[in-house]
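The following blocks contain the structures, represented as C-alpha cells.
Two complexes are shown next, each including chain A; its partner changes from chain B in the first to chain C in the second.
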Partner chain A sequence: MKILRDHSTFLAVVVFLIAFPFLMALLDGQSIGAMLAGQSGNSKFYQGLLIEIFILGIFALSYDLLFGITGLLSFGHAMFFAVGAYTAGLALKSLKLPLPQTLGLVILAGIAQALLFSIVLPRVKGITFALVTLGFASVFHIVIMSHELNDLAGGDVGLQNIPKPDYLDPAAQRLTFYFVALAFTILVYLFYRRFVDSPTGRVCIAIRENEHRAQMLGYNTFYFKLVALIVSGITAALGGALHALYQPIVSPVTASLAYTVNALLIILIGGVGTLSGALVGAAVFRLLQFFLDKFFGESSSFILGVVYVALVLFLPYGIIGTWRAHRLEWQAAWRARFARVATMLNRKT
Partner chain B sequence: MTGITNLLRKNRTQSITLAALVVLFLLALQGMEPSDWIITVLRGLSVAAVTFLVASGFSLIFGLMDVLNLAHGTLFMIGAYLGWTAYVRPDTLLDLATPFALFIAGLMLAPLWDAGLSRARVAMRAGRVLPWLILALGLGVLAFGLVRYPITAWDASVYDKSPVVFGVQLDLGQTDLPAPLTADRAQVILAMMSVFAGGALVALGLALNAARQRLAAPRVTWRALWLPLSLIVVGVLVYALNDALTAGVVAAGTTWRFCIAVIVATLAGAGLGALMESTLIRPLYARPIYQLMLTLGLGVIGREVVIALWGRTQMQMPKPALFNAMGKGCPAETLWDALINQCATINFMGTRIRTYNEIFIFVVGVIVLIVVWMLLQRTRIGMIIRAGVQDRAMVEALGINVRQVFTFVFALGVGLAALGGVLAGPSMGVSDDMGESLLLAGLIALAIGGLTSFPGAAAGSLLVGLLQQFIVKYGQIGIALPFGAQPFKPTPPLVPASTLLLMVIILLVMPNGLFGRRE
Partner chain C sequence: MSDDVIMEIILESEQLRKEFGALVAVNDVSIKIRRHTIHSIIGANGAGKTTFFNLLTNNVEPTAGRVIFKGRDITRLPLHRIAHLGIGRSFQITNIFPNLTVLENVRLAAQALGKDNFRLLDHHRHFQRYEERAWQVIRQVGLTERARMPARTLPHGDQRKLEVGMILAPDPEILLLDEPTSGMAAEFVPEMIGLIRQIHRTGQKTILLVEHNMGLVMSISDYITVMHQGQILAEGTPEQIAANQVVQSAYLGRLGWQVSEQ
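== the complex of A and B ==
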C-alpha cells in the first residue's frame, strides 16, 4: 500500500496510458474489437502521436541525464539518436539482421559514440565541450546527407523502406507497438530514477554542482562522466532505433542541431534535472506542435516562439521544476481556500 | 630569440598543429592560378568581415553577460530587412518614423511613473495582475493607433505591390513609389495620440511591475523629460514635412539612401537589443540556461514576424550608385578611378574585383574593428566592459552600475549584427534564412577565437571566411590530391563541415581558443 501512496501520480499516469487506446476507441464510438484489429480511427491516430511522444521522451531523458544530472552541455546529442536510427535502419535493411541482433548492434554503436565523445572530455569543459560535440554532430549530419552515400543512407531524403518485423509493424500492429514503446519508456524512466538514486548517480549530481569539490573528495570525475555518457548514449541510440522502426523514413534531420535543440527545449519546458520533466516536456512539446499546426497552420511557429518565451518568464524552472519548488506553498494556499469555504458553509448550516 | 624558442617549447602541440594546418593550406594552394588565389582571398576577407560583425557582438555579449544569444542570426536578418526598407522604400520609413518616435516618447515617461508610483505607494497595492493588464491595454491602444495611422506600405500578397517588385525596380534605376495615402487630419491626430498613450501605458505597466520588487524609491531627474518632449516634436515635424522629406530622400540618390539605410538599421538594431536586454533577458541572469530557450524563442518569433511583413520571397537590394556603374572608364584600373567613375568592378592583377562585395564590405569591417577596439581600450565604458569580462562581481562591488553597461553592450552587439545584415544585403540578397548560416559561422568564429576575446573574434572570422571561400573555389576547380587520379571537388555541404572541423581541431589542441584566457 505504501508503494501505491508514494507513487500515486506515476501509477495513475501509467494506468491512464495503458487504458488510453481503449478510452479513445470508446470516445470515438469504435468497437474495442475493431480497435484491436488495428482499424484506422482516432484511437490509432493518437496512439501514433503518443508513440512519437514516447520516443521524444526517451531522447529527452537521455539528454537530461547528460545535461540536467551530470551537467555536461552537449550540442551534439542528436548524433546519438541519429546513429541509433541509422544503425538500426541499415542493419535491418542492408544487413538483413533480425531485430535482437540489430538492437545489440545499436547498443554497441551507442557505446562507441559515447567513447568518441569521451575522448574530448578531459580536454574541454563547459560551452567548449558543447561546441566540439556540435562539430562532431554537424560533420556526421553532413556526411550522412552527402551524395556519395546516396545508395546507402539515402542522401538528404533519408533512409527509406526499412523492413519492419511483422509482429511490430507500426501500420498493422500499431497497438502492439504502442505497448512496446510505452513499456520501454517506463523501463528507461525507472532505470534512470534508480541510476540517479544510486551512488554513481549521486556523484554525477556532485559533478554538476561542483566538479572540483567532487575531485577533492577523491572521485575520478572522468569515469563518472564517462558512465553518464555511455548510459545516455545507449538510451538515445535505442530511442533512435525505435524511431527507425516507427517512422517510414529516417531523415538526416535527426542528426541536426535543431534536433538537439528540441531535446534541450523539452527538458527546459519540463524542468532541467527532474527526469519526469523530460517526459512531461516531451508530451507538452509534441502536443503543442501538433495542435498549433492543426489550428493555426502557417503562423504556428510564431505562436510556438511566443509560448517558449512565456514559459521562460512564467514557469521559471520548467513545469516539474516549478511545481516542485512551489508545491508546498500552493498546496497550503489551496488548503486555506478550502478551509475558508468550509467554515463559510459551516456557518450557514 | 630565446624568447621565441621558449614560447614554441611551451606551446609545442599548439605550434605543431598550427604549422601542420599552414603546410596543408600551402600544399592546397598548388595548382591554383594567382588570379584565382587573389579573388578567393578577397572574397574570403569580405565574408570574414560580415562574419566578424556578427561574431564581435556575439563575443561582447557572451564575454560580459555569459548569454549565448541564439537570436543573433535573426537580428542580423532583421537588420538586413530594415536596411532594405529604408533603402528601397524611404516613404514607408518616414511614415513609420512618426508613430515610432511617439511610442518611444511614451515609453520614456517611465521615470515619471516611477517617481509618481513611489510617492503614491500604489505599487504595493497593485497586485500581480494589474501591471500585466495595463501592459496589455497599452499594447491594445498602440495597435488601435497604428491601424489608423496612414502608412504607405507594400503588400506581400499582391505581386505588383510586393517588396520583390520594388527591389527589382530600384535595380533598374526607377523609383516610382506609390502615392501617399490621404487621411483625415483629425483621424491622424487621434492615431498619434493613441500611439503615444500606448507607449505611456506600456511604461506604466512595466514601472508597476518593477516597483513591486523595489525597496527604495528611485531618484527622479526631471531633466529626463526633455528627451521624450523633443521626440514628440520630431515626430510631429516629420509628419508635417512628410512629402517634402520623401521627395528629398528619393532625389538624393541611392548612395545617400544607402547611408541612411545603414544608420537606420544599425540604430534600430541597437534599440531592439537594448529593449530585449532590459525587458526579457535581465530577469534571466540568475538562470543562464533558460536564456538559450528565450533567445531561441525570440529568434523564431522575429523570423516569423519578418515573413509576415515582407513575405517569403528573397528580395533584391541593389548596390548603391557609388559601386554600381558599368559605363565610361569601367572597369577601372585603380581604386581612385573606381571611386571617381563609381565603377562596379576594378581590374586587379588580371582579375576583375567587385568594388562593393570585395572592397567596401571589407573596409567597413576593418573600420568597425578599429572603432570598437578603440572603444574597448581607450574609453571609460570600454574599461568597465573589459573589467566586467574578467570579473563581473568585482566590478559591481566597486559601485559601478553594471546593468546599464549590460544594456549598452547588448545594444552594441545587436547593432553590429544589424549593420552586418544591411551590408550583406546587396551582396547576399535579403531572405529570411540569411541569418542561420551566419549564426553558425559566428559561433564557430567565436569558438576559434576564444569565446570572450574581441581580437579572437576577428581572427576566428578571418579563418572561417578564408576557409569557406577556398573550399568554395576548390569546389569549382578541383583539388589535386597526392593519391587519386581525379581532382577532388568538395561539394557545397563540405563548406560548413570544413569550418566545423577546423573549430574542432583548434578547440581540441587549444581548449581556450586562439586568444582565450586560461581558466
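== the complex of A and C ==
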C-alpha cells in the first residue's frame, strides 16, 4: 500500500498511458474491435504521436543521465541515437538479421561509441568535452550522408525501406508497437531511477557537484563517468533502434547538432537532472511542436521559440525541477486557502 | 609527550621544490612528520605553506623532490589514490558538495573507500554501514541537527566542520588540514580546536596543520615548522619556537627584510 502511495503519480501516468489507445477510440466513436484491428483513426494517429514522444523521451533521459546527473556536457549525443538507428537499419536491411541479434549489435555499437568518447574524458573537461564530442558527431554526420556511402546509408535522404518484423510493423501492428515502446520507456525510466539512487549514481552526482572533491575522497572519477557514458550510450542507441523501426526513413539529421540540442531543450523544459523531467519535457516538446504546427503552420517555429524563452524565464529549473522546489509551499498555500474557505462555510452554518 | 622515544615517521618530504616561473614558492623543503603527533606549519602569507601542502597531496606537481608516506614514494600519485593510502586532505577554501545534504556529503566520503561503488542496481540505502558511519562522524563534528540540510545553507564555520568530517569518514591515518579556522568567527575557533584535539586523541591520528592562528598553533601542536619565503626557518616544540629569536623577529617582520637582502 505504501508503494502505491509513494508512486501514485507514476502509477497514474502508467495506467493512463495503457488506457490511452482505448480512451481515444471511445472519444472518436471508434469501436474497440476496430481499434484493435489497427484501423486508422484518431486513436491510431495519437498512438503514433505518443510513440514518437516515448522515443524522444528515451533519448532525452539518456542525455539527462550524462548532463543532468553526471555533469558531462556533450554536443555529440545525437551520434549515439544515429549510430543506434543506422546500425539497426543496416542490420535489418543489409545483413538481414533478425531483431534480437540486431538489438545486440545496437548495444555493442553504443558501447563502442561510449568507449570512443571516453578516450578524451581524462584530458578534456567542461565545454572542451562538448566541442570534442561535437567534432566526433559532425564527422559521423558527414560520413553517413556522403556520396560514397549512398548505396549503403542512403546519402542525405537517409536510410529507407528497412524491413520490419511483421509482429512489430508500425503501420499494421501500431498498438503492439505502442505497448512495446511504452514498456521499454518505463523500463529505462525505472532502471535510471535505480541507477541514480545506487552508490554509483550517487558518485556521478558528486562528480557533477565537485569533481575535485570526489577525487580527493578517493573516487577514480574516470570510471564513474565512463559508466554513465556507457549506460547513456546504450540507452540512446536503443532509442535510435526504436526510431529506425518506427520511422519510414532514418535521416542523417538524427546525427546533427540540432538533434542533440533537442535533447538539451527537452531536459531544460522538464528539469535538468530530474529524470522524470526528460519524459515530461519530451511530451511538452513534441505536443507543442505538433499542435502549433497544426494551428499556426509556418509561423509555428516563431511561437515555439517564444514559448521556450517564456518557459526558461518562468520555470528556470524546468517543469519538474520547479515543481519539486516549490511543491511544499504551494501545497501549504492551497491547504491554507481550503482551510479559509472551510472556516467561512462553517461560520455560515 | 615523550620526546626520548624515537617515533615512527609517517610522512616526509625530501627536498621538495616548486617553481612558478622565476618564483621559487617552495625551496627544497624537507620535513618529517611523526606518527600520532599534531604538527603545524606556520608562516606569514606567501611563505609557501599551502603550496607545500598541495605538493604533499599532488594537487600541484612538484618541480623536484619526493614525498614519502610510510616508506613509499607517493610524489606523483593520482589524486584519487591518495585517500586510499589513508591520507585525508581539507582545503583552505571549503571544498564540499554544496548542493548535497550534510549527510550525503559525509556518506559519500564514507563510501569512497568501500567496495560497493559499482553496484549499479542496488539502492545506496542498502549499504547501511556507510550511512551509519556518516551519522557517527556527523555526531562527532557536531552537525547532527543540520544533517538533512543542503551543505551550502550551512554557516561558514559549520561548513569547515563538515569538511573535517568528510575527510574523517574513511578513517584516515593522517589528516592534512589547511587552515581549518580560516574565515571562522573568533568565538567558534575554540570549538574547532576541541574537535581537532578530540580527533587526535580518540582516533590515534596524525594531524598536519597549516595555520595562521598563533594561539591555536601554540596550544595544540606537538611540533611546529616555521616557513618563510619557501624555506624552513625553524622547527621544534611550541616552547622552542616561542623562545626562538629568529622566529620572533620574522613575525615582527624584520627578518623578512633581512632575508631578502641576502
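Methods note: the second predicted complex is superposed on the first by the 349 of 349 C-alpha atoms of A that agree within 3 Å, B and C clash if a C-alpha of one lies under 4 Å from a C-alpha of the other, contacts with A are read in each partner's own complex, and residues count from 1 in each chain.
Convention: a residue touches a chain if its C-beta (ideal position, glycine included) is under 8 Å from a C-beta of that chain, and two chains touch if they have at least 3 such contacts.
Keep in mind that what you see is a predicted model, and the values were worked out from it rather than measured.
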Just chain B (first), just chain C (second), both, or neither: which does A:220 touch?
second
Applying the document's definition of touch, where does A:335 land relative to chain B and chain C: first, second, both, or neither?
neither
For the three-chain arrangement built by superposition, which of chain B and chain C touches the greater number of chain A residues?
B
Please indicate which partner A:326 is in contact with in the superposed arrangement: first for chain B, second for chain C, both, or neither.
neither
Taking the superposition as given, does A:205 touch the first partner, chain B, the second, chain C, both, or neither?
second
Which of chain B and chain C A:264 touches, first, second, both or neither
first
Name the contact category of A:197: first (chain B only), second (chain C only), both, or neither.
second
Just to be sure I read the superposition right, which of the two partners does A:7 touch: chain B = first, chain C = second, or both, or neither?
neither
Does the superposition put A:301 against chain B (first), chain C (second), both, or neither?
first
Within their complex, chain A touches chain B through residues 73, 120, 123-125, 127-128, 131-132, 134-136, 138-139, 142-143, 145-147, 257, 261, 264-265, 268, 272, 299, 301-302, 304-309, 311-313, 316-317
Of chain A, residues touching chain C in the complex
194-195, 197-203, 205-206, 209-210, 212-221, 223-224, 227, 231
Which bits of chain B are touching chain A when the two form their complex?
68, 280, 283-284, 287, 289-290, 292-294, 296-301, 303-305, 308, 440, 443-444, 447, 451, 491, 493-494, 496-497, 500-501, 503-504, 507-508, 511-513, 519
Touch list for chain C against partner chain A, complex
57, 78-84, 89, 95-100, 104, 107-109, 111-114, 116-125, 127, 130, 166, 170
